[in-house]
Each structure stands twice: as structure tokens, then as C-alpha cells.
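Some structures are shown below for you to check.
The same chain A turns up in both complexes below, where it pairs with chain B and then with chain C.
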Partner chain A sequence: MNGNCRGPEHISRRALLKGALATTAGVAVANWGGLFSSQTIAAEAQKRGKRCILLWMNGGASQIDTFDMKPGRPTGGPFREIKTKVPGYHMCEYLPRMAVIADRLGIIRSMRTQSPDHPEGIYQMHTCYKQSERMPHPELGAMIAKYLGQADADLPSFVRMGPTGNTGSGYLGPRHEPFSIDRNGKLPSFTSPYLLPAREERRNELLLAMEAEAKQASAADVYESHRVAKERAWRLLRAKSLFDTTKEWPSHEPLYGASEFGRGCFLARKLVEAGVPFVEVGQDNYDSHADNFVCHKANMQVLDPAWSGLLIDLERTGQLEDTLVVWMGEVGRTPTINNRAGRDHFIKGWTVVLAGGGIKGGVVYGSTDADGSDVAENPVSEGDLFATIYTTLGINPRVKHFVGTRPVWATPEGSQPVKELLA
Partner chain B sequence: MNFEKATLLWSMPWDADWVSAVSFIGGKHVAAGNNRGEILLWELPDAPETAPAEAAQAPSDADKGEKPLHSAPPPARQFVGHSNVINRLVSAEDRWLISASNDHTIRYWDLNAPADASAKVILNARAIDEAARSKSSGRKAPPPLAAEIRTQPAAKIIEGQEWIVGLALTHDQSALIAGDDAGTVTIYDRAAGTEKKRWQIKGWAYAVALAPDQKQAVASERFPLVFDSDKHVGLKLWDATTGTMQHDLSKDFKDMKIGAAAYSPDGKVLAIGRGGEADGNNGKVFLIDPATGKKQREFTPGHLNGLTDLCFHPDGQHLLSSGRDTVVRVWNLADGKLVKELGKPRGGQFKDWIHAISLSPDGSRLATADMAGFVHVWEFGS
Partner chain C sequence: MRTPALLPAPVSKLSPLLAGRAFFIACIAQSLVATVALAGNPGAESPQSLRQLIDTQVRAGWDRENLKGEAQADDATFLRRVYLDLVGTIPTHDEARQFLEDKDAGKRATLVERLLADSRFAQQQATLWDLLLFSRNPPNSEATRKRDGFRQWLTAKFSANVPVDRWVRELLLAEEDGSELFYVQFQNKPEDLTEAFSRIFLGTQLQCARCHDHPNADLEQKDFYGMAGFFVRLVTLPQATEGTGDKQTKRYRIGEKATGEVLFAGNMKELKPGNKGEPVKPKFLGGDPLDEPPPPKDFKEPEVKTGTKSLPKPAFSRKEKLAEWTTAATNPFFARAVVNRTWSQFMGRGIVHPVDNLGAGNQPTLPALLDALAQEFVAHQFDLKWLIREIVNSQTYQLGSSGTARDALPKHFERARIRPLSAEEIMAALQVACGHDPAEKGSDSATPEYFVRYFGTPMNGHGDFQGSLSEHLFLNNSSNVRAFLRRKNGNLADTVLNSQEPWEQRVDRMFLSVLTRLPTGSEREKFVTYLQRDPGPGADPDAVIEEALWVLVNLSEFRFNH
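So, the complex of A and B:
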């Protein structure tokens, strides 16, 4: 037993169908977001050529053991702090490589969020809306795929690897559904053709013709979802080699660290370089209700080279300026250490870190009180965070979509970007 | 020794932080360390005072159903210098205390050295603080348990490079083995504190032990990721003279984080215990033949939620184990039967741990490090 909560597992197919079947629950009439209303915004955002990589800390990383340390306090724990490139700001001793590049980071230490448990937290930290709203909100990656993706690209616009979000594209429709792969770049089995190319092509033409006929008979969204998924798979086959990191990895391993997560970060860097606007890479093991400190120490030894390696690699390949890297999970962890040597879920004052893509580096925004038990200044909500992310990527955080006739916005009313973090 | 007739003599309060390590030094002294890196020393009185009725009730939160016979003696000394969690304490020659800490050091403390400086400690500081924090609930702060102590710095410091989690002495007290989170296993000449052999294992070292003849060592390995493919646990027997592996037992103890290990005084039995947060009662003790690496026996029931420490009794016939279930168990080595259980699970799914145990040199007394903020001393019947 490890003390971690095991949330319900979801598969991308389910997520894909969720968007299409939203109508059957009578929750909302999905029309894929009212495409006409957002094309101009998309074109404008695409011009900027921005991209985003989300490093998802599944389970919820401890802010006190990473970026908001409380040395000498009862809540402090056994980790010691080290100096960083930002004068006066210290972080955990087990993030030494990140400390050296802290001047590239925009650190929000004052996240005060609403969903304390995993399924709801994962949903809300991927959509900025509460799951209980009964609206099929799209997750961050889908929104970015919509506004920054190229419709005719061979590569998917939204790739995710490892333990990540599972909400899907919601009201934005199947075109923006995530494409899930392994962190070592292994693609789903359906991407491997088992027919000769000529036969495959004939078969596909036949399938398209049949589906076109079926669509005339029934305009149900499920047919559209299936057709879109197949089309994406065919296009993907043309770019499949990009996902293979076998040859490059040995020379990059020292930078990213010898871990699966590190390799995922490297692949993410390759994908954004090739034009994928959103990649999410998950790291597991943070839900440390027991043995928090050894769990976090091991995690940080994987995270530190992988994350710093990604930022350094993006910078040296000239991509950091246009690539926003977000580090977050669904919750923080309690300041109090429980009698399993663990920390539990916490939403009253935790940390998210942004870097690149137009984020001002070396900024530490907000703070918590002496023991880290609440935000002391500048609370940031889920909506504020997403507004910051969308703004720096050139997406209007108040862009309006329609689900049926009902208007819905990319961020909740009142959400404000954290201006101090915008370069 | 009559283990059935075990009496709780003293429950010494010290709640500054979790009590994480304990060791007898000779038969008269007990030292304990905590998560802050503090170490206190108690001298056990020859003629203890009988505990008054209300004092005997005092530690009831930490030890339901067990009331100490005597009033707790105050601590006599504090060993100062560590700055992080004390993971293990061992002692030698009825004089030396040796500590391993998350501050990357092993320190030697000499009971014969003078302790000149003085200090005052409040032994129930946490209880007072917690009562003050929850004033609104009407909870009353207990009166402070203050003690005047002498403080003493370390006589010797061995610098390491990471958290030193594993530390054990050979039965003849001539050699010391340490394991750290850099994956280094090191054998020292105990008296001189000089390094004799060092080797690297995969991941981090967790439990370590050195055979009485100093020819074999055991080290458990971990890299405690939970779901990730980069996680690692292992258990290996090593030739301690060359640092080469003799037996890889990782498959026999698949996915088990072995948190404690000890060789029997004759070196013919190696005991290991499953630590970390084990599922249910799986915090079991296993006996291994060190010559072959084969599992000989496993003791049931295991400790609920994981085992924390192991200790062979000097009679060579019994083994003691402690766990995250706040109990200590005495096992008969020959038939694997549970002879005695000391303490009681405190209820709830998870409730405190006994972090460590230590036997007096004659085996008549047992000291336990109680995470709730106590050092308990038990006496077995004669």
C-alpha cells in the first residue's frame, strides 16, 4: 500500500465520446462551441505561434516541500532550503537544477482553489470550472488546440502522455480531443497499419464513402466523432516517426535525467518544435498521504532534471519565448504532517509554476502565512490561473462559445490574469 | 526471561516532535532521538518512585490500557549538533552513543565526557502549543513539564552525502554499517570511525545489517516512486569484504520495501521486516538463511501498516519487532510463535508508530520510541 488515492481511470475514447454524447444526458446541446464565433480569435492566436507544455503532477505535489518552504516551523518537514537565482527566494534542496534557473520562473504561491479531491480537482484544474456545473467544459489542452492548432496539420494538436487529465474536449467537439501516447513515445496500436499501403488506401476510401452515406441518413455526432478520429489517425501515420526518440534520447538523457518522465519531457519539446500547440506530460506518485517525504524526494529527483532540462532545451533551441511551460497538479498538500508521515490534500494555499511563453521570470507572486495554512496575500483562483495562461498565449480568456443556445466563456466571470506575471 | 510477564516501568514524555530512534546505553541509560535532530538521555533510577495515580494516567493517549509503574525520570542530558531527523541510534561499550541522521552525518557521543552547558526543555511543549492553537474548543493547556538538562556536543562526526537512514552495529560492537539515500553502503571500524569498505547499490539504501563475522552484509534498496516504471525495490546479500553481491533476493521479496534487518548473535539467521506502508497485516518478519539466501520462515501476523524495527534478544531464541500499529511483538525463533505483544493498537486505520526498539544488554528491559511523544521502558519477568 502506498497511501495514494486511486482515482477512477478514464480512457480517451470515453472522453471522446463524452463530448459527442453530452446531448443524450440532456445537460446541454453540443454544437462544438459555435465555431463561427471564434474563428477570428483562432486565426489571430495562431499567428503568434505560441505553444504550451503542461507538466501535470498527478495526485498533487506538496508546496511546502518544493516552492513554499517553511523552515523551522512545525509544518516544515525534513527538507532544507537552498538559494536560487532569484535573490532572497529559496526552494527545496532536491530541486537544485531548478534553483539555478529560478529567474525563468513565475511562481504563484497563493493558489486558493475549490476542489479538494482528485476527480473534481483534476477536472477543475484542467477546465477552471467546477465539475458539478453539468456543462461539458473542454480542458486546457483542447482549448489551446482549438485556438493555436492547425486544422490541416498531420500532427495532433493536443498530445498527452502518462497520468494526466481526462476531461476531453467537451463542447469544443471531437476535433480537439487529446491524442494519448506513452511517455517513451510509443503510439497506440491503431496507428500501426496491418495492410499494404495501396490496400489501406482503398479501404479508407470505401470507409469514407460509406460514412458519408451514413451521415446523410443520420447526422448524429458519434459518426462525426468516428470519422474525425480516423482521419486524424491517417494523417498521424505520415508524421509517426517524430514520436520515435530512440536515436536522440541517449544524447539528451544527461540533460533530462534517466527517467520515463524525463523522456516524456524531451518528446514534448520535440512535438512543440514540430508545431503541436499543446502537450501534457504527467508525473505520478504525488498523492502521498503516507511517507510523503520519501515519495516527494524520489519524485523531485526525477522532476528536477526533467523540468530544468526541458526549459534549458527549449531555451537553447530558441523556443522558450513562445512555449509556456505550466507545472501544476489538482491540489496542494496539507501543511500538517499526519501520523502516516504523510500530507493530505490542500486547497487553501498552494503553488503553481509557469515559465516561458511570455511569463516574466524571477517573479514570486503571492504568499502563504507562517505555517502555510492559508493564503496571506494575492489569492489566485483556477479562473485567474487560466486567464493568465490564455492571455500569455494570445487567447482571449473571455472568449465566448455556445453550447446550444447557451453562452459559455473560456474562464468564469471575474477571472483576471495575474498581470505581475505577464512579460 | 519471562516475556509473558512484561511490565511498563516508565513512559518518559517528550513531544517536541516524533520520537524516531532509541537505544539503551548499558543497562542504566536510555537515549532517544526525534525528528528535529534532538537527542535526550535519561538515567533510569535504581529506586524509582511509584507513579501517583494521576501521573500514571498521563500517557494514556499514547498507550491505552498500559499504565507505567513509576513516575518518569527527567532527562539528564541533551546531545546537540544534529539538525535533522535522527533515523537510528546504536550504542557500544556502555559508553558510546552513535547516531545517524538526515543531516548527512553520523555522530559519536561519549557518556564519559563532561556535559558542561545547561539548558531547559519543556517535555510537553507540543501539547501546550496544540492546546493554545485550539483555544476556541475550550481545550486547557497542560502545565509545562520542564527539565533542566546538561548539553553536550558530539565527540566525533562522520560526514556523509545524503540522508543516512540505515545504521547497525555488529554484535561484538567492533564494526558499524551505514546506508544512505545516495545508495551508498559503508562499513566503518566502530572505535576509530574510519571507513573499511564502501560500495554502491541501486536506488537508496534502507535497512542494513552486518553479519557477526563481518563477512556478509544485507542491504535493502528502494527508489520509492509508487506507480512509475522508474520505481525500484530490492534486497541483496553482499560479500562485505569485497562489496560484491552474493545473493539477489529481490524476486523472493517482490515489491517489498524491507525496512529493518538484523543478524542473530550467532550469524546463522538473518531477520528482515517489511516496512514502508505495507498493506494490512503485511508488515511481516521473515527469516533467511544467510548462507543460501533462502527464506526459512515468516512470522504471522505481520504488523498492521508496516514494520519499523527488529532486534534479536541476547538469549538467541527470541526476536522482537515493532511496527506502525504501536505494538511490539516478541517471537520465538524456533517455532515462529508469537510469545507476547506489548502495547495495543490505538485504533483507527492509522494511529502512530513505534519507530524503534532497543534491548538492554542483559535483555531484561526494552525501550521503545513512540511517535506520539514518549519513550517507554518495559521490563520482562525473570
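So, the complex of A and C:
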């Protein structure tokens, strides 16, 4: 049985094919075309088997204190810069392990974005659309789950832990909803059966026998979608032990650092290895309106081993080539240092870092002016960033879906992938 | 028999090449003519006519498409379907048994009358319209999350069967206590309000025209901004907060200013920064510009400040003009939008589908039927209960839904649709099925919020049902669901365990209670075997009953209205 061709996917395509034959109206043809291409894209992307891990810097990390340093300028702050593996490129002294593997990174220093506040920024940096449009846009994770997930997998296709996005799967539907867990692997509510396994199995067998009989009476796809989801819930619990990192963590802790975020990064690596196409791990909290430097120093001491550990671990297990690791938050931070030694929200020129998954390493793309007060060259929008991510994962950034009759694309019109970063 | 004069020339006679503005206007002109014809021929209506017309028209559609309709649904299927559709829950065991044993040939129509008179009918319609007007995640959520006052207002309208044109007019005037909340969700966002208003009450998608002229050429940006002009002067005025703690509710009033215009700056893509645009006068969609007197000389708009509780009524109210135009019998959109939406509520999809896209590019499957429904609805003074009565008494509504077909929403209504139960219906159905008192709240640890979270949005953007992981984790492992299934004094598990009847009869009771039907022979056998087996170490007979009931409520059959 072709596991990719069950349930809701099948309904939409079939229903629309029928629609296209029955009428010559433009809408139906457009529908059909959109879905047809999205199916092909899914098949293509799955063949390439790419994965994505998003390291979410909740609150918005400072670019000037990490990857876009301004030594000697009034905006520069107290941190010193250190040499990296990329000749001529320097980064913050509190990212020493990352500096050693800077030749794996594709660094975008010229993000110019639209939403300066947290809720809107978190929304837009997870969907690449503005929240005020009030369209049910899906998160990055849901889009990747749709196009890179396997329908018959035991594990969810979109896992997130810690402080992350909270938009959900939007118009892609509950099939691609996020599955939220703790960074230590603790599963959410309703994943602990209240019955003993033998009794639960007996009860489930009776349900299956009933459903088998029902299937004879009606072949409707909605019933099948219900049954398939039921089986996914059972399979997930059978694969539950995978989320438990108790045994492996002690031997990995030196590499990832002794932190909850580090442990989440390790779990993310384990999950993508097991076939989960998208995992988001959040780190709190970069929102340093006061004491920016204390905040960033502490955060980087957690981030540096966790992130570098993840990249090294992915590389040594042969997965880095197929696993894109994205580092970003909802905003950057102002070059100006306020009177509480803080930096505020900033969207006119900030940094996002990509690595693996077909991203060219050692590339530093775009720049800001001398004080970091604006992008100096090659501005990159949310849509451009998402187009880059989708392209390197093998997903068409202009794949079209519908909300009712209204067409909607994975990235806004005019979004362009950053070619310089694509290997 | 109907007089042929009642049937307008089918819209499909118009050339599809006429699509666009010309078609749009033709539709309007046609409905005006048709309305006049109807008014001149009042004797043509009889209580039986519409349901017969529905069946005739639907069957004619099958003939054209070379389709064969499904056979009528059996009594049990009809019973469960009509309960869920009319009162939002399933019948009790006793109600089901009584109906199935009733030999009266007219029992279906009698049941429909009983349910239409049930107080839960008004609640169910109010729940559906509330969800339509607010969605699961309404904007301005702080003000609109809790809306008991609005729901009470709306439920009262359905209880009294207030004609739809009248309560919509009152909603648009927003002067009655509770009614103001629809506007409050779009506080300071007249464009968003224009989109929602047009979609809900005119069945028309204007949002494309917000940023550019519509590609199908029937809508221009000026149509959008012309409509937005009716809303631009509305102001949400917060009133004193009532109550404290959990009971706290914020009250609002809707004021209307006497001045203020929508600014229109052309195609959004070509918009230059700093270009705020030109004022646009209000214009009715597909109709005339608003004939508006200039404000009185030396008129000075009162200032709206924080704490302003009310505004004087303007000498000329755009809001009133809009409410009047929208709900007039001659409005080319309103009645069609309401009947099409009501039809889809019972038939799964609109005659025009999706229901909020009555535009020219989207042809009705049965144009003459849509026209007739709209005309009759107007002729019956927008009586929603009458319309629903006619629909559910039709043979079309009462068709079976099983068979080899795979899509849930048959395009030509040749089978009944299969729709997922709403979160509210699932919880209500569990209560009835398991013999819990719906009025008894909090005692069984089932919280409505959980049901809304896990069952509230089961569709993708296309309107296709998708089973979700979280829904099943909840069904499988949550005490919220378990609370209904476990033995508790007087509930279904308790009744079954206390019964001295043979197991076969007890299984029949379980099926009738949960699935509103008797088991098949093999189902009965499976359950009897299951219930009679040794419960095993660490389990008692209570647990076995609970497991068997869990199976019934987890069936796809229970998840859907079919």
C-alpha cells in the first residue's frame, strides 16, 4: 500500500480532479494545477530526505554582540571579537566553539524585517507573512512537515520544544500540527495510557474489528482519515522511548554543554535521525532591554556548546549535508545602547545564520553600515529567508495552496532565495 | 403542483462568456424581476411546495449528470442526523427506541416538528451563527473571547424565530444590549469589517479587491472601499466593566461619527510611501453611491477621548442606510447568501460552493433551485425555521450516506454529506450517550475548553477533514473523555452493570445509547464475547464496560454526522 496516498491528501486531489473535468471555470483549473504541483513537490522533496532544525532565539538575539560586531564604534559594546575559521571574519569572544566551525555557516547579516514586536515578530518569522493579514498561514515547521514528512511514519512530523512559535499548521490543517514536548524529552498531556498495555490492546482490537466492518459499509475518505490518525496516535506511543534521552545524555553532555537547551539540541538530532523532518528548539530569553551584555554573555555560554555540538554531531553522524540548521529569533537588537545598558528591538539590519542541508559554508552575506544602524548591502526579507530555506530543502517557495477560494503561496510574491548561500 | 411562473429562467441560460460585471448585473436584475413576479402571485405558495421543489430540482440535476441517487437513509440514521443538525446532540436511548418502534408513516415529519420546537434548536442555531460571526479565534480577543451576552442576545432571536432580516438589521445597528460585539472585534479596522460583513451577509469575497482590482473583473478596488465607507465612522466605546474576577465582563457601545471618509490610494503594489489616498464616498455593492446630504453648516465633530461613553446620533447615519439596504427584500445578495449557507449547513456544501463566494466565476450547481429558495425565503418573510423545516423534510436531506463513494460532500447532493461533529456536539453527544446530565457542570471533570482545543478546528484551508494526532491522544488517554465512560451512579455504564437482562440486550442498549442504532449480528456477538470474558487480573467488570463504551465513542461512525 502506498502510505503517501491515503486520507485527506487523496480526497482533495480527487475531488478537484473531478471538479476540473466537470467545469471549464478558471477557478477549478487553477485549483487543480496548484494541488497537482504541490503533490509532485512533496514526492520530490521526500526523495531527497532533507530535514530542518530551527534554533529559536526567543526574544531576539543581538547581532552586534554575536555575528556582526562593530569594534571601536559607539554601538560596539564591551565584547571583544575573535578570529574564526573564515579568513577575515570575526565573531564574538563568547562563541569560541562556533568560531572554529564558522566555515560551515552561511551568515546573513542583512535581515530587514517588518514586525518589531514580539507576538507579530514571532508570527512573521515563523510564517514569513504579516499577522495582521489574518490569514491562517502555517508555520515553517508545518510546511516542512507537509512536504518532507512521511505519511506512515511512527513519529510526528513537526516537533517543538522550549519557547518557540505558536501559530500552528494553519491552512495546511491538523494533519501537520506541531507536537510540543519538553527539552528533556517529557511528552505532553495525554501521552500516558491509563490502562495496562494488555487491556489497552484488547480494547483496541475490538475497535479495529468494528472499523473493519464499518469499512465495508462506507468507503468515505473522512472515516479513513479518522482511522489513520487513531493509528498514528497508537504508533507514536509505541515509539515513545525515542524521546527518552536519559541513557545517552551523559555521554553527549560534554559536547552539547550541561543545559536544558543543549539537551534539547541533542534530542533534536536524535529525532531527525529517526526521520522527523522538522524540529524546533527554543532558547530563552534574549529580550535584553536592560543589562544586554550580562544577558547575552550568559545565553551564549549555553548556546555556543549546544549549537556547535549539534553541528559537529550531525556532521560526524553523516547528517549535516541533509539537515539544515537555522538560527534566528523574531527581531535583532538596536545598535544604540539604552540607559539601562540594554538594547531594544531592531528590524533594520540584523542577523540570521544557516548551516548544513545544502547551505554553502563560510559565506557571509550582506552587511550593515559602520554603526549597524541599517543594512548597507543586500537586504534580505522574511520571504527571501524562507525562500532560501525552502529551496535548499527542495520545496518550491512558490507552492500554492488555497484558503477557501483564495490562493496563497508558501512565500509572498517577489521573494527570492539568496543564491550566494545555496551550495 | 407549483405554478411554472414561480420558476425564473435558469441563470445557466446566460452565456458563460458574460462572466464578469455584466453577469453580476444580470443576476441582480433577474432577482429583482423574480421578486416582483412572486409578490404578484401569492397564491402559489403552499407548505408542501418548497420541499417538493428541492427534490424535483435535485433529481433533475442527477439526470443531467447521469448520476443515481443513494437510497433513503434508514430511520436510525435519519434520527441521529436530524438530532445533531437541529438540536446539536444525539437522542437518548429511550428517545431512539421509541422512534424506531413507532409505526406511524409520518413519524419523521412529526420528529422534525418536535425538534424545531425544542429549546436546544435555538441554542444550536445560535452556536453555529456565533461561530460564523466570530470564528474560533476572533480578533480583538480580549473583548470577544467571552461573549455570553452576545450569545444570549442571539439565542433569544432564534428562540422567538425573529425573521433573519430583522435580527441582522439589529445586529448591524448594534443598539440592542449584547448585539454590539460583532463590531467590537473589528475595532478601528473598517477594512477587516468590510471583508467579514461581505463574506457573511452578502456571500461575496471582497478581500481581493482590498489590494487590487479582482482578476475576474467583476470587482474593483472602489467596490471594496465604497463598502468600507459605511463602516469607517463606527467607534467602539468601552463602558464600565461589570462584575469581578472570572465573572468580569467588559461592556461596549457602538457610536457613529458624523464625519470621516475612507481613503483610497490605488493598487497596493504600486503604492508609494506617503500617499494616503483620496477620500471615497460610500457605495452599495453592485448598486448606487449613497445619497448623502452634506453635514450641517458649522458642524463640529465631538471629540472621542478615552472614557467617552457615548456619541450623539448623527443627523445622517450611514450605519442605518447599510442595515436597511442589506436586509431589504430587493437586496440582490442577502437572501441568496442566507439560503445558500443554510442549505450547506444541512447538505454539506452550498448550491454555490464555497458558500461565501457567490461571485460570477463560481456557478451554482442548481441555479434555478437557488433562485427559488431565495425568492420563497423572502416571500416567507425570512423565516429561517420555515426554511429549515422544508430542507430537512425533503427526500434529498434524508438520503443515505454510505456506499463506495469516497468524497464526503457530494457535489450534486446524490448522497447525504458526512460532516465531523463540532467540538460542542462531541461533548454534548458524549453526555447524552453516557447518560450524564448536560446541566451538571464540572462534576465529571470534562472541560469544554479541552474539547474546543482538540476538536475545534478539524479542517484544512480547503475544508477537508483531517484526523489529528492530538485529537486521538486526547480520546485515548484523557480523563476528560474517561469521565463519561466510567461507572458512575445512574450513568450508562452503571445501568448496564445493574441490569439483569441477557448480555445481548445490554449490548443493544449500549449501541442505541451511543450510536443511535442497534448492532448488526456480528457486532452484537463481538461485544457480548468481549463483555463476558474474564476481566483478568487487576480489573473488574466495571473496567470491561468502560472499555467497550470507549470503543463505541472512538468509532469513526461516532465522530461524524452521516
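Criterion: the second predicted complex is superposed on the first by the 351 of 423 C-alpha atoms of A that agree within 3 Å, B and C clash if a C-alpha of one lies under 4 Å from a C-alpha of the other, contacts with A are read in each partner's own complex, and residues count from 1 in each chain.
In the analysis below, a residue touches a chain if its C-beta (ideal position, glycine included) is under 8 Å from a C-beta of that chain, and two chains touch if they have at least 3 such contacts.
Not measured: the values here are computed from a predicted model.
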Partner chain(s) touched by A:Val302 [first = chain B, second = chain C, both, neither]: first
Partner chain(s) touched by A:Arg238 [first = chain B, second = chain C, both, neither]: neither
Per-residue touch tally on chain A - higher for chain B or for chain C: C
Which superposed partner A:Pro163 touches (first chain B, second chain C, both, neither): first
Touching partner for A:Pro78 - first (chain B), second (chain C), both, neither: first
First, second, both or neither for A:Val294, with chain B first and chain C second: first
Chain B versus chain C as contact partner of A:Lys186, first or second or both or neither: neither
Partner chain(s) touched by A:Arg316 [first = chain B, second = chain C, both, neither]: neither
Common interface residues of chain A - those touching chain B in one complex and chain C in the other: none
List of chain C residues in touch with chain A within their complex: 16, 139, 192, 205, 207-208, 216, 354, 356-357, 361-363, 401-409, 411, 418, 420, 457-479, 482, 520, 522-523, 526-527, 530, 536, 538-539, 543, 547-548, 550-551, 554-557, 559-560, 562
Complex interface listing, chain A residues touching chain C: 7-8, 10-12, 14-15, 18-19, 22-27, 134, 136, 156, 170-175, 177, 179, 188-196, 198-199, 202-203, 206-207, 209-211, 213-214, 217-230, 232-234, 236, 401-406, 408
Chain A contact footprint on chain B (complex, rising order): 17, 35, 84-85, 102, 126, 129, 163, 181, 222-231, 276-280, 305, 324, 350-353, 371
Chain A residues touching chain B - in the complex, by the definition given at the top: 1-4, 74, 78, 80, 163, 259-261, 283-285, 287, 290-291, 294-295, 297-299, 302, 338-340
